[in-house]
Amino acid sequence: MCKISSEGPTIKVGVLGATGTVGQRFITLLANHPWFIIHALGASSRSAGKPYSKAANWKQSTPIPSIVRDTIVQECQPEHFKDCLIVFSGLDADGAFRSADLPVFSNAKNYRRDPHVPLVVPLVNTAHLVMIAQQQARHDPPLKKGFILTNANCATTGLVVPLRALEKAFGPVESCIVTTMQAISGAGYPGVPSLDIIDNVVPFISGEEEKLEWETLKILGNVVDGDNGLEAFDMRARQPLRVSASCNRVPVIDGHMMTVTVRFARRPPPSPQQVREALAAYTPDAPACPSAPVHAIFVHEEADRPQPRLDRYYQDGAGVSVGRVRQCPVLDVKFVVLANNVSIGAATSSIINAEVAVLKGIIH
Amino acid sequence: MCKISSEGPTIKVGVLGATGTVGQRFITLLANHPWFIIHALGASSRSAGKPYSKAANWKQSTPIPSIVRDTIVQECQPEHFKDCLIVFSGLDADGAFRSADLPVFSNAKNYRRDPHVPLVVPLVNTAHLVMIAQQQARHDPPLKKGFILTNANCATTGLVVPLRALEKAFGPVESCIVTTMQAISGAGYPGVPSLDIIDNVVPFISGEEEKLEWETLKILGNVVDGDNGLEAFDMRARQPLRVSASCNRVPVIDGHMMTVTVRFARRPPPSPQQVREALAAYTPDAPACPSAPVHAIFVHEEADRPQPRLDRYYQDGAGVSVGRVRQCPVLDVKFVVLANNVSIGAATSSIINAEVAVLKGIIH
Amino acid sequence: MCKISSEGPTIKVGVLGATGTVGQRFITLLANHPWFIIHALGASSRSAGKPYSKAANWKQSTPIPSIVRDTIVQECQPEHFKDCLIVFSGLDADGAFRSADLPVFSNAKNYRRDPHVPLVVPLVNTAHLVMIAQQQARHDPPLKKGFILTNANCATTGLVVPLRALEKAFGPVESCIVTTMQAISGAGYPGVPSLDIIDNVVPFISGEEEKLEWETLKILGNVVDGDNGLEAFDMRARQPLRVSASCNRVPVIDGHMMTVTVRFARRPPPSPQQVREALAAYTPDAPACPSAPVHAIFVHEEADRPQPRLDRYYQDGAGVSVGRVRQCPVLDVKFVVLANNVSIGAATSSIINAEVAVLKGIIH
Amino acid sequence: MCKISSEGPTIKVGVLGATGTVGQRFITLLANHPWFIIHALGASSRSAGKPYSKAANWKQSTPIPSIVRDTIVQECQPEHFKDCLIVFSGLDADGAFRSADLPVFSNAKNYRRDPHVPLVVPLVNTAHLVMIAQQQARHDPPLKKGFILTNANCATTGLVVPLRALEKAFGPVESCIVTTMQAISGAGYPGVPSLDIIDNVVPFISGEEEKLEWETLKILGNVVDGDNGLEAFDMRARQPLRVSASCNRVPVIDGHMMTVTVRFARRPPPSPQQVREALAAYTPDAPACPSAPVHAIFVHEEADRPQPRLDRYYQDGAGVSVGRVRQCPVLDVKFVVLANNVSIGAATSSIINAEVAVLKGIIH
């Protein structure tokens, strides 16, 4: 955690879908945020009008922050959020808030594939925020302050951080095969029935492999000049990257594990030791902001790490853990990744993205 | 289960390491075997002299078979097994039994790399039993009846069955990347501490990746003419196959899951549908024997199968389940495999191997 | 399993709620039943018209029995079941089938408190079937063949078997304090969210403690002469029994565990050894029937048994396991009970009840 | 946390058994302690001479505190601890340190039954510290500073806090029946094999029921005038209390749950509502000290709380949670208790005990 505003929190923020699992994470993180102060909480009409402590079926291991305990929950309509400078969203449908000229940091998947909406993993591609101006200009009517910025799928987030570090050090990765072992919290609440997952592995998560294979290209791609002199995401057209994902659900509460093997374009490829050093040395091209981890990637030396239960809370789950970096007999180098799906894989990403937007002067 | 001896069990067998986890599995399976009758049980000197029900810390979900309840456990010395036609072993050190001219079907890893000891997965390479004659001839002094035949590592077993089916249908597989999610029972008892695995994944199993990468080559290779006109395992020297394994322990009791992706030598490669059909149609080149599954490979059509808890007991765990056969964006085709590590991955394999040896006239 | 009809199954039965968890259990058990043959399967209108294999989200560890795979599922209306001699029900609302003069063996809770509906645990109180005649006579219009017979709550079932054994041997039990540790399968599917139960205990199951405290009185009570010379359940009015239950959900798939402590009316109370012997010797007052266990109660001698994972499948889950019988410093004697909630605690009970009804000539 | 020394830590402490599970907890808690500074770490001769980070197989979810990372581990001999004012012990045999005139706060069970060693739960009976003077005087030779003070078994700790609160408000409890559902961490590392506890409950923990039934009497009893005018523990001889315990291991990582039912001496007994209020209002008779919880007992109003996963970290695990207070049909009032076995049930208790000893002037 780098820089703490000395005056205390001053930026009013709202949370959409505040009673859901993602909303509860946003609230937990925002309750002690140095810049952001919770101003409005939105949920379904069933919850609206109730104090938050009655509306939410609180499932976090820390108590409901006292600061929101008695806050009256509103319906998710833009008028209730008009005094907010930032809206954090765990809702699928948050377009109306952008239309009301509100900046929306969305954890939902709906706008991720929109060609003008940045899909940003804060440890990777905050450069994509440059696209916001164009998104505002193309909106009808054009927007002054409003936009949508999405963060990535929780598993994708864990994958792209080390891939970005590798590409920064060694140039393009050409192919990547990843097998995930994903935590149940990734499915929300009630989510995965216990009868489906205790003493079991489910080798399928609907839509997840497609997200990993597609989102990775958008995140690791550049913003380039497109048609009509307008900017566009290149989706790795110039540096093709093929990703093959196999996604599994395992009986773990928090923390997505992945085995990853990659092939570099560069021949000869870097050695495992060079990879290890590049991962440990990686620093994102982003301004220093309060919720970002000190180490984007922690590289474990022990043979049996990272492990979800032991390593998911490191740096409050804001970094990514890598271990077992070694030669791959088929591609070049293989390793293991752990990312905390409920922190850097979800709400923490949205919040860092918002901090970056503040520092870049995009929020005002 | 194909052929049942009508006269009832007549072949006396012994079990080494009878009180351990593997030994308990052997006993459970042998208790109702149509051909084999348990004649001697061997364990450590601590257990020797006690009735089996007192010596074993029985951990199976079926009760101790009444047929062994009062059998007095012997020390693991060849003289106590001299009336046995077959010795099943869950012991690491079983060479002395071979020296005593006893046929040993070993679940241990010690002799798997011996250049004259077959490493046999019964659904794959019973043809390797041809090497037994040479093993006997080279022994000093030469053996008449004794030999060691090993079965494979539990994870390797699950991998080589579909690989063999694919090679039989489409020719050589060139490379294979596999990530395992292995059950705790694979580590024996007491094995994995609960503090290490509940709500967790451990991305490392000592020696396991090496076994998968090496044993696969021996099992899928041919027996060829070697030096001095003697036969030898070719270890895939003529049809190179590169295997890259990442092994993980997950909180599952029984049943090893794997995600597998392969590249064929043949261009263009077979389609996923062709692969599906070839897997379902696969029949091992082995004589029909009582403990072999009717279907070597069961191909699931549902998107979310196989799963350990639901599918591990199919055909008493003697077959292998495959699912999610689909295109791999990096190699050719990817799929999911489930093999019951305590059945086909362990004792069941040894027993089928012994049945095959009986049918081939190697036991007498 | 005592007596097997030599002619094979001849009694046509139907299953209501056939696609649900309880329905799947009924089908699994009925598929190989010596007397009963599945004739009709009923489910919601969403499933009706489909073959069973398409309609059911099959969650059992054995495959769908081939005998029902292509059976077309019907809506749950009596006309589709008119050729059935017995209807097994996992549905809450099964009264219409009784009105259609069908014998209904119900696993649901709706009629358990009806003063003319027997609540029967087959190892305990099949004598209560005598009430069926009165239930038929009081129906408007009176019924010839139809009735409802309910089996008990899954946790209650585990408790009343040893209590009945104790009362048979030592006279009335005066008070009983029971703490349950119940399996997730008791909540059906999807049932308990995994986020609520992995690495957790939930000290509350809605309505469960009331069921244990109330149902026990009906089951262990007698049928007595009531008003107008009609028979009635005495609800232990003459031999008061106070039950105090604390119910917990634990991360176990199948098998309800209970710690039980009792105080007898008789002074001095029996010793733990006498209790042990009485439990082991207990034989229900019921005709021998195919699905009943050979031993109603298995008494474990080991200090750490019974355990759900090791003991729940004993006798196909049709019996009850007791262990750790010892002095209670506050009441008289305490012990541990395990009952398989999906077998004797559910479908197995209904089926044995139906077998008893057949043997008593109540089904025709 | 009440009072924080403004000068920072100044009291040198040592940890015996520093590499074990309890030792790791001590170190985690002491690393940021306002008064205590880690001066010496003791472990087996196998670990001695190594830096702590190499000697310990660290299993906590927070990293090894940097303050001990390079501390060289010593053998557990008093001479290495002679500069410590306090020795925290996770070792069974710590008597030699007392003989060396060192104050030992022991988490081990060896001295708990010693008639001159206080057995102290800091939220309950710090008054028993008065016995230390006598312990010192009776030692041969008499001690000036050294003594042993033990904390209680982890399950006992959870039980006696609410019992003490009830006795303070309503007078003697006459009998208490408790069933525990205990976490695996209570057994240390490697502790419970995963094959024994995943999808399972083990209804036995060696020696645990005896500890609960015996320790409760010592903790809740008074110090009275004994023979020769010397003080003695009355073991509740004057206010008899019968405790009946049934102890179970469940697949929970941290946090012991208990169902408890009690009968008061007083007639009529308090109502559940009075009990609820008395528990919430309970304040220990102990000086305010830094590691003590603000609320000794948190009383939950929700029907399904406390739960280990959600409530074990409340107040850093230093308090006790109670819920579901309700009438017991057999005794008087029943409720559910959760205590974090690795915090208040272990190291946290020892540390609060030491803080109290400092405040009472017993450490100097």
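By written order: A, B, C and D. Residues from 1 in each chain.
Everything below uses one rule, namely that contacts are C-beta pairs under 8 Å (C-beta built on N, C-alpha and C of every residue); 3 or more make two chains touch, one makes a residue touch a chain.
Labels paired with UniProt names: A, B, C, D = Aspartate-semialdehyde dehydrogenase.
These numbers come from a predicted model, not from an experiment.
Comparing the CA-atom centres of all chains against that of subunit D, the greatest distance is found for B.
Inter-chain spacing, taken between the CA centroids of subunit A and subunit D, is 41 Å. Put simply, the C-alpha centre of subunit A and that of subunit C have 49 angstrom between them. Separation between the centroids of subunit A and subunit B, computed from CA atoms only, is 43 Å.
Taken residue by residue, subunit B touches two or more other chains at 59, 198-199, 251, 253, 309-310, whereas all remaining positions touch fewer. Taken together, the touching pairs cover every possible pairing of the chains.
Residue ranges on subunit D touching subunit B, taken from their complex, read 59, 184-185, 189-199, 251, 253. Contact residues on subunit D toward subunit A in their complex (touch as defined above): 59-63, 198-199, 253, 309-314.
Taken in their complex, subunit A has these residues touching subunit B: 175-177, 179, 181, 198-204, 206, 213, 242-244, 246, 248, 250-253, 257, 259, 261, 303-310, 323-324, 328-331, 334, 336.
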